[in-house]
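The structure that follows is given in the form of structure tokens.
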Amino acid sequence: MNKIKRYYLEILLILPLALYILGFTILPILKTILLSFQDKAGNFGFETYKYLFSKKDFNMSIINTIAVTVVGVSLQLILGLFIAMALKYNFKGKGLVRSLVLLPMGVPTLVSGVTLLYIFGTQGYLNEFLYRLGLITKPIAWTSGGIKNIFVIAVADSWKVLPIVVLLLLAGLESIPTDVYEASAIDGANKIQTFFNITLPLLKPSITMTVILRAVDSFRIFELPKILAGRVTPFLATFAYDEYAYNNINASAAASTVLLIIIIIFMFIYLRAVEGGGNK
Amino acid sequence: MKLKKFFAVGLALVLTAGLFAGCGKKESTTNEPKTLRVTMGLGEEEWKVMREDIFPEFEKANNCKIEAIQVESGDVVKKLEAMKQAGKTEIDLIAQDNMALAPLVEKGLVEDLSEFRSKIPAEIIPSLIKVGEFDGKLYFLPFRPNVEINFYNEDKFNKYGLKPPKTWEELLNVAKVLKEKEGIGKVGIKAVFDGNTTVQLFEFIRQAGGDPLVLNDEGSIKAYTFLKELWPYLSPDSLKADWNTTNRFVAEESMYLAANWPFGVNVIVKDGGKKEIKAYEGFAGPVKASKVLGGDVLGIPVGSPNKDLALKFIEYLMSKPVQEKLASKLAWPSARSDAYGQVEEWQKPYFNAINEAMKVAEPRPNLVYWADVDKALNDALKEIVLEGKDVKATLDKYHKVIEDAKQKAGK
Amino acid sequence: MKSKVIKNILFYTGIALIVLFMVIPVYILFRISFAVPSEVLTSHPKFLITKFDFRHWEQVFKSGNLWPPLLKSLIVATFTMIFALIIAAPASYAISRFNKKIKYAVILTLFFTRMFPNVGIALPISVTFLKWHLLDTNTGLIMAHLIEQLPFIAWILVSTFETIPIDLEEAAAIDGAGRIKTLIKVVFPLAAPGLAVAAMFTWLNSWNEFTYALYLSLTTKTLPLQIYYYVLRGGFFQQAAYSTILTIPVLIITFALQRYIRSDYLGGAIKG
């Protein structure tokens, strides 16, 4: 009782948020998970999962989802780090560069899918560009399945989210005190050494957060594959959607649950490997 | 300081927005004549004709207001389902793509209209009525027949001395020549592996004399074998081609030959200015020519608040003057045998192609287990053309899948 | 000296390439919205605009499909932003003052809500909302958007409040201010820039939201729904024109506000 009294203000402040999230998110999620352990007749069991894992498309969708996340997030980290490092320096036109890099943030996701299709379409601008450079003589089918397709989606996704990645990493970079760099310069370390020995380790928390935040969204990637890939390149979220469209509500729920489990496993492994490894 | 300014501007914005919100609410409470809510999936041109030439007369005669809402056929199911589960249907009438009827019946979202069978005019083409029947019950009334036509790029065909293919052999030959000359396949089929593809599969199977519901008879095997042979010469964009994207692929010259619904004429030729894109009625298979009869039918959602008015409107839409207007203004083939349209000059060749194709159009069977058939046909195609599996063995497997579904639905 | 010049060249080339990568898609969209059809609808589309064709823009403006959705999107996004702030800001403040372990647990829970695909929860929630007569209402859509936005905004705000030293509060408490007064007079003003950033992101996300809007709208549409219609039915150019029209105001807002996007408000949550 005392505790409640002491923390009444905190409880009062948190209650609306907690109730809203509990009622409208957590409960529906739990219900859906429950649904995945039922078959169409409502009996409990693992039938739905057996059905899913026997399907080639489903297994493909797991692989594709993981692949697009790995490729996409790596690309975003590398590009994002480069831009964030650059934006830390003062150079001519920095303000303009920053504005332009943040540009995709203002483009709605649906529009960005449409736009990127103009570029990656078989008769799109990327092929035309390569053709004019003389690199190709016939168009490449970027969006017709296979590794190319996954790569295209990863690039498209990177384009859309790079602004937020840059902002997150820039936050990390700005929180590193300048005297650390000064000390390292006095010790005679060159820029590359400084980057690997000082910047990167100090930036680790920001990188971890960026990776987790991005990976969670990337695992759930939906709109871009819907527009930029056909059914031959299924992803978990699009697979769940298609099953739903075919009136397989249980299978759809199960696919969603598998996605959830994959994300949790990923976070666990990542935090163990990166954070745990660092502390030893 | 600047921050304060930002908040001030934000506050001003919010206040104005609130004002507008208030106005919006007031409007909806005033008393108006009965409102009939109708959903259709149409393009901009088509809506214009509906609003200007079709609706006003009915509104005047019945003192009502028609609120027409754009909803794509796939979304109709979702919306009605949500509304039904919530126990509140707010739609009176749907014009639904006849390719997407089964889920509506299966989920019990539309009214049984069997008792109104007598209201169908005698001049309505009989095969159109069959489209709305499930297990002998009539759920949908005819509105608009439709059929796919085959678009081709005349300039490119002339350049390579090709003619629009009339047989499977010619089709294969055109595909081969185009791939050889261009380095990439230029003939498209809709191979997105959903309902779009099913239409094409039905046509190929029936053209070879097969029955898509049996799937492992001689004709079906012939059709799938042919598709397997044709596959390497097709445009890679086939995998992403549906009723919407096919227009784009044809207009962008990613495909020189592809079948699609006639609304593509407006998008490709009128809007896109691609006058070299022509259309014809398509090719025949070894046994016969066959097309799938598509189009929209009219249904009344369970729980519709204005059922009687909706029925009246259905009768109005099936009447001769309306059907003639639709044919003349939109080049829609008529649902009545006595209604003829006068289309604009530039539309004539396309309208002719539609009417030619309509002659061999066959309806698809209406089954409650349609989703399973749809899936089986597509899965079979996927395994055969993408994974290179044996045609006969694969079709045997999916024949069984369909049989199982049939039995389950039968009990 | 020479190596420095080379380094500079490399640096600027890298920057230029990345900027190009970011800008080109937007340029292409813009370009197509003004394109003469024959320049784009060919197997070798042209990169540069040789002639402006305003027909597509005209069609969109005349279609009557622009202003009602714009207004609806504006109302929904703005109110979603306001309510999100009202609900999430106090809660985030309280969370930020918890001890590390609880904070970590709360943040993970917030994260958990982002791990599930939308398909799995959007329909059941929409059905509930329909039962509550929220079809086609702004209220319903705002409530639905809050579901997605609350965890996100709370997550940003927790790190914002963490940057405010607790000493300041204690000082205010010694001066005799009550806790609520301290919160309003001391903490929130200090957090204002962070609140602004969070508000902007919420607004943008709500402005872009599609799935719930699809379920919960029938006669009134938001802008993304209208784009969806143009993507399916409108043809290439109107689709590009409509998308450009929709993008421009958002770009202006982001540009105008970006000086306030101090990135450190985004950081910190996981740093613990």
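For reference, chains read A, B and C in written order, and residue numbers begin at 1 within each chain.
In this text, a residue touches a chain if its C-beta (ideal position, glycine included) is under 8 Å from a C-beta of that chain, and two chains touch if they have at least 3 such contacts.
No experiment lies behind these values; they were computed from the predicted model shown.
Engineer: Is the chain-to-chain touch network here best called a line, a ring, a star, complete, or other?
Structural biologist: complete
Engineer: Looking only at C-beta pairs that count as contacts, which pair of chains has more of them, A-B or A-C?
Structural biologist: If we tally the C-beta pairs in contact for A-B and A-C, the bigger total goes to A-C.
Engineer: Can you give the whole-Å distance between the Cα centres of chain A and chain B?
Structural biologist: Each chain reduced to its C-alpha mean, chain A and chain B end up 35 Å apart.
Engineer: Calculate how many whole Å lie between the centre of chain A and the centre of chain C, each centre taken as the average of the chain's C-alpha atoms.
Structural biologist: Between these chains, centre-to-centre, one finds 16 Å.
Engineer: Residues of chain B that touch two or more other chains: which are they?
Structural biologist: Touching at least two other chains: 248, 252-254.
Engineer: Give the residues of chain C that touch two or more other chains, as numbers and ranges in rising order.
Structural biologist: Only 42-43, 45, 123, 231 qualify.
Engineer: Quick check: what residues of chain A touch more than one other chain, meaning two or more?
Structural biologist: Chain A, residues with two or more chain partners: 123, 139.
Engineer: State the interface residues of chain A toward chain C in the complex, per the touch definition above.
Structural biologist: Interface residues on chain A, with respect to chain C: 9-10, 13-18, 20-21, 24-26, 28-29, 31-32, 79, 82-83, 86, 91, 97-112, 114-116, 118-119, 123-125, 128-129, 131, 139, 159, 162, 164, 167-168, 170-172, 174-175, 205-206, 208-209, 212, 216-217, 219-220, 222-223, 236-237, 240-241, 244, 252-253, 256, 259-260, 263-264.
Engineer: Using the touch definition up top, name the residues of chain C that touch chain B in the complex.
Structural biologist: Touch residues, chain C against chain B: 37-38, 41-43, 45, 63, 71, 74-75, 78-79, 82, 123, 126-128, 130-131, 133, 135, 138, 192-193, 196, 199, 214-215, 218-219, 229, 231-238, 257, 260.
Engineer: Chain C touches which residues of chain B in the complex?
Structural biologist: 3, 6-7, 10, 13-14, 17-18, 20-21, 24, 37, 41-44, 67, 69-72, 75, 78-79, 82-83, 85-88, 90-91, 244, 247-248, 251-254, 266-267, 271-274
Engineer: If you look only at chain A, which of its residues touch chain B in the complex?
Structural biologist: 121-123, 137-139, 141, 143-145, 229-232, 242, 245-247
Engineer: Going by the contact rule at the top, pick out the chain B residues touching chain A in the complex.
Structural biologist: Touching chain A: residues 74, 103, 106-107, 182-184, 191-194, 235-237, 239-240, 248-249, 252-254, 371, 374-375, 382, 386 of chain B.
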